[in-house]
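One structure is given here, and the rest of the page talks about it.
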Amino acid sequence: MDKKEERELAQRLVAEITALAETTGRKLRFMEVCGTHTVVIFRAGIRQLLPANVELVSGPGCPVCVTPDDYMDKAIAYAQHPEVIITTFGDMLKVPGTKSSLSEAKTNGADIRIVYSPLDSIQIAKDNPDKKVVFLAVGFETTAPTAAATVLAAEQQGVKNLFMLSAQKLVPPVMETLLNDAQVHVDGFILPGHVSVVTGTGIYEPIVQNYHVPGVVTGFEPLQILRALYRLVKQVAKGEAKVENEYEDVVRPEGNPVSQRITDTVYEAADTGWRGMGIVPLSGLKMRAEYAAFDIEQVMPLPVGELPPAKKTACRCGEVLRGIVTPQDCPLFGKACVPTHAIGPCMVSVEGVCAAWFKYGQGRFEYGK
Amino acid sequence: MDKKEERELAQRLVAEITALAETTGRKLRFMEVCGTHTVVIFRAGIRQLLPANVELVSGPGCPVCVTPDDYMDKAIAYAQHPEVIITTFGDMLKVPGTKSSLSEAKTNGADIRIVYSPLDSIQIAKDNPDKKVVFLAVGFETTAPTAAATVLAAEQQGVKNLFMLSAQKLVPPVMETLLNDAQVHVDGFILPGHVSVVTGTGIYEPIVQNYHVPGVVTGFEPLQILRALYRLVKQVAKGEAKVENEYEDVVRPEGNPVSQRITDTVYEAADTGWRGMGIVPLSGLKMRAEYAAFDIEQVMPLPVGELPPAKKTACRCGEVLRGIVTPQDCPLFGKACVPTHAIGPCMVSVEGVCAAWFKYGQGRFEYGK
Amino acid sequence: MVSDKVTLAHGAGGKMSQELMEEVILPAYGNPLLEEMHDGAQVQMSGQVAFTTDSYVVQPLFFAGGNIGKLAVCGTVNDLAMTGAIPRYISAGLIIEEGFPVKDLKEILATMRQMADEAGIYIVTGDTKVVEKGKADGIFINTAGIGDVIRGTHISPKNVKPGMKVILSGYIGDHAAAILAGRHGLTLPDTVKTDCAPLCHMTKAMLSAVPDIAVLRDPTRGGVAAVLNEIAVASDCGILIDEEALPIHEEVQGVCDILGFDPLYLANEGKCVAFVPADRAQGVVDIMRANKYGRDARIIGEVTETAKGQVGLRTAIGGIRVVDMPLGNLVPRIC
Amino acid sequence: MVSDKVTLAHGAGGKMSQELMEEVILPAYGNPLLEEMHDGAQVQMSGQVAFTTDSYVVQPLFFAGGNIGKLAVCGTVNDLAMTGAIPRYISAGLIIEEGFPVKDLKEILATMRQMADEAGIYIVTGDTKVVEKGKADGIFINTAGIGDVIRGTHISPKNVKPGMKVILSGYIGDHAAAILAGRHGLTLPDTVKTDCAPLCHMTKAMLSAVPDIAVLRDPTRGGVAAVLNEIAVASDCGILIDEEALPIHEEVQGVCDILGFDPLYLANEGKCVAFVPADRAQGVVDIMRANKYGRDARIIGEVTETAKGQVGLRTAIGGIRVVDMPLGNLVPRIC
Amino acid sequence: MCLAVPAKVLEIENAIGKVEIAGVSREVSMMLLPEAKPGDFVLVHAGFAMQIVDEKDAEETNALLAEMKGAPRTVGAIEESVSHG
Amino acid sequence: MCLAVPAKVLEIENAIGKVEIAGVSREVSMMLLPEAKPGDFVLVHAGFAMQIVDEKDAEETNALLAEMKGAPRTVGAIEESVSHG
């Protein structure tokens, strides 16, 4: 398909979505769970192409955004320890904790290295035998096996100074939490493509069935998203609720069993806190007792009282992440809270909903109106 | 005395020296043992003022110059150790060892700090608890008590990561060695003023008596040196040999007993090597067994084979230091060997004889001919 | 006589400094106007003079297609060119970390000379400082430059008006890709290298033919996105560009996909963006295409009345999104 | 909106850079010619133009009587003045280490502005780079400057001839003493501080009255010794100075005695050495003395036919010794 | 959520694969995808190969187009076209 | 050999003396010279006070001058003047 054909197909899909949505006679709300989908939707200008009665809301699929303050505070406290080198994905650098951020700690001299892969931490650990290298293991089902594999590789190579500070999260439990939330209304889910690469499509079936809400797994091309939306509108129009897969070239029904097994070797499910949603039962991963030697919190617990008390701001990230309010409903959006001086993580992360709204001009941009 | 009076007195002294020297009917050779005297003699242009038959030769009184290669090699080897911080007087920085210098090690990343006082090393040790701080303890009787006092202060303050790499030297034994050397001819000594502040004047008596060679302790003003020369010429003219003191305002016959005692607490006399003179019996200081915990060579001996084998160059420092040849007799002087690219330590040290000859233009300068 | 590493003494203003000057620096820069140990150079100028400076702190110092010295000369040459001037003379201030290999220094200086020759300028005055090990990052280079403003031109964002075309001289992001790839374990094919080049001959041809070019700008730090945003704000107009018109090498897009970067934000060191009245736009493109550094020049968008102070991009599938100012430095992301 | 520390993002060319520029840098430098976010400034010049650059890497950044910003402006102003020019415009290239306090930056920039005002120049173009923590030493500043060469003057060591007098504008070593004292635990009385000052008004007066001044030189790194040696070599003459004529503050001599330095090798930042035909020498001294930075000007020696390329010093007791080029950097000695 | 890109496997040694994405090559771990072979396209995330990517199916797009063809603006029509296609 | 300078002791506390040399002050250790008191001049080497400096004796110079006076160019004459002085 050349670009022209792509554009024509996109126009065609938009026309179909518009027509189908009209037949429902009501406003439809679809949630993209994955932050990468959020960004593509904004970057490609998809919202502007959709009819007024098809609304897209963003969900809790930005790993940076859902990571609560206390994790950031812990990460910062470890970063400030003279014996620690932090390795992290670039995403985490500016996420605010209660009082500070990793970026600020780095400016003040903390040794924080940005890595492309958790595996890079192993080489850093080897190069710095007198330091403790702590990888900030955040992410969803896609990323968890990479951290787990890194632990196994370190173990195999006899590297004893590499540790994890883990805050991995799982998608299905939080989807259920949202569906149980009376404030949240969703007519269907654009399901996360890369999470599904690892998990497979089966994990969404119970939710889709129990709550009778359509779900379509898809990829990250604008056309793939339009195709998923077409399928969702169609299911709604037909009164159906099933899991469809518009990303069949990489998403298999069974996912990636090796990844699942490796994650399972190192981690086990545990209750964990999500920003704005509190503790969600069995929605996170914690290191198994067998791997305690790689868990920085067990090897070198932070002294009690080292973490600052929780702060109060007008930031509505918690609600934004549940799709209850849009960034524009936040009194700080675009005023006190802008990407250069973000107040909440939703404005910090590239995938953050507030950042996407701001960056791609939602509510402040004249073109395309 | 104002400057004019000083100049007149200087002229007067020169006249007397010239007259007295003439009465001896022969060439007179006086040795200034102390390198600081050497520098003052050159800086003040004293050689040019003296009559042709009064020759000044420089002795082994530059602590940097007499320090043999193997000490420098050791210092460099310690400097290269990642756990070591070297503290040193600035003088040592460029002294060549067999293959390299501290300056070169520093350029390549060794942590070498220049201090004004050995005591500064204590603060550096406190600031770097995970490092071993090694002070390069070189110098003569004047400097030895400052290193010894630093050891005692570190002990008292419980500082356990400060160490000495000691190569202190004593003046009287090497004077005797020179006098026993058939190649060396000296009609009298300008005795080191600041060494004498610590030792007192008595230590020179046996030498002056036994070898019937005059000696005058003096200070570091050009006039003081001229006065000492006047006294020396006068002793020769009269056939006398005694110790005189032209630096009575700070040099007491008994010296500084506290300094002597403190040196004696930490150090004991030992045979030691001098550049160009080999091992001179009991001419150096080594740390007493009680202070072995402060001796880096005992605490962390260098692995055998870490020192390079001795090198051979045409450098005649050894003879220069004994006053047997002048720098101009060295084939490298002013050609391959210049202060920016020194071959021997006598060209490196500010007090080095070759450096003084070169810097102050001896043999290459048109003024004053 | 100079050793194989730069030492503190080489920067202390004495004999060693002199040796470094005489054996390394003067032979590299050598030209009739170069101040020899004086306090400054004297040159003949007259009329409107452009004056600019930049410091270069790139890491790694050597990268595919160039080194810090190439950047230091081309960057300042290009800044002069972008103000509408013909670059004439530049200065070179070196800040060197103790222990820096003299061999590398020589290579950097040789590249500077080569670029100066290509640009038709002289390095006429300089300065060398050496700082202690650990107090710099190998070498930093500052260059300042002066040039003669081409008569009849008046480059200013205030001259940008709705309807003008935005021209880009070629493929974007090559320089940043060459720099960033190695830093993150990516290997690029030999064909991808810094685009660093002196653009002054091309801009001179452009301005001589079309003096009413409103603005020239080299999209360095912050990339095309930064330049467009600055001009949108300064001119109080909107700018709308076309995603499909942007020339991006496949490999550069690959680096962006892997590390999560947007090519619009990647630095270029041999590109320029021109704002040109619509009726002269194709003529300017043709002139640029005749120059080796403008072979892939094209119109990428236009200035609009609406969306004042903002930059929009028409996406491949027909949507429009904001292209915002870059926020900070680029770090690789997983999300 | 700018935070209290400088961050990498402030140097990345995006929004944060813009904020630093708008909230910190422009307010400090602010003048009608200052390029605002452009690639360079445009200024009017004509005739013979002097062009110079220097980088400043001093530690500590703040010292008795000044800071690095004061040096950065005065140093370049003085280099222009020494070439016989009236300084007009300078550039400012900042290389800042991540984490540097914005408060200190503001103070440094304010000092730069103040010195520029005193010198009668404008800071018209600049650049700011931020490097990672540990990759620099707080802040480095490069300035480059341009100025109009005063008509009828021709400063060159080649004009130095035997019989000319050597004039020094005042006390030597104050700057180095102020910098070095603190580094080695010495406390100076308040009266001893850097001599850093813009000398351009004084040199303008000197050159206007006596255009045949052969050489002006500011004895910075390497001190008076370096300057005299350079000129002795370049002019192929000898230079003989008189120890007793050298003005040295007692405290500066004290610092030298303690640390084993020679004041002839200490850096000055507000002094000049002039080589003047004998019959005009007293006239030049008188003009200098009328200026606040030349109040202690005096003749310190003369140019000789003998001892070509060498510098001699007549000692207080009547001997003569060589004053050699400095070798490297000054370190305290015990011997 | 999880950036990932498709890349071609050039070679594999000791569970380290050299992969190429648009001419850009990198080493990635094959630990999570032991079944991949040189020549395969794989999806890469955070330095790991995560899944084999099937050849893009042109038929798939044709099916979609067919599904939408002749179904202008009504659900029924689309349904129909699907059942026809 | 051993650079040393005379300095005036301003104050002493815990064997640390504050000394002044030509207006320049520094802390030095008094460990090697416990007998020194504020007001004394001391010789300082490598951060330690080493000895008390006596007041410069003008008489000393006068004695030397006397020793040399009236003794033009002969040893005998100088000798004489000394024995006279």
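Order as written gives the chain letters A, B, C, D, E and F; numbering starts at 1 within each chain.
Rule of thumb we're sticking to: a residue touches a chain if its C-beta (ideal position, glycine included) is under 8 Å from a C-beta of that chain, and two chains touch if they have at least 3 such contacts.
Predicted model only: the values in this text are computed from it and were never measured.
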Relative orientation of copies chain C and chain D, as a Cα rotation angle in degrees, nearest 5: 180
Distance-maximising chain from chain E - centres being C-alpha averages: F
Centroid distance [mean C-alpha coordinates] between chain F and chain E, Å: 90
Chain centre separation in whole Å, for chain E relative to chain A (CA means): 21
Rounded Å distance, chain A centre to chain B centre (Cα mean): 71
Touching two or more other chains - residue numbers and ranges from chain B: 35-36, 62-63, 89, 116-117, 120, 139, 143, 339-340, 351
Sites on chain E at which at least two other chains make contact: 1-3, 45-46
For chain C, residues contacting two or more additional chains: 7-9, 15-16, 134, 185, 258, 260, 327-328, 333-335
Pairs of chains found to touch, sorted by chain label: A-C, A-D, A-E, B-C, B-D, B-F, C-D, C-E, D-F
Chain B to chain D touching residues, read off their complex: 3, 6-7, 10-11, 35-36, 42-49, 62-64, 89-91, 93-94, 114, 116-117, 120, 139, 143, 222-223, 226, 339-340, 349-351, 358-361, 365-368
Contact footprint of chain C on chain E as seen in their complex: 1-3, 5, 21-27, 44-46
Of chain D, residues touching chain C in the complex: 7-9, 11-18, 35-57, 78-80, 82-83, 85, 89, 91-95, 124-127, 129, 131-132, 134-137, 140, 142, 144-146, 149, 217-218, 220-222, 226, 230, 234, 267, 325-330
For the chain D and chain B complex, residues of the former touching the latter: 184-185, 238, 240, 244, 258-260, 304, 306-308, 310, 312, 315-322, 324, 327-328, 331-335
Chain B partner contacts - residues on chain C that touch it in the complex: 1, 5-9, 15-16, 19, 98-99, 133-134
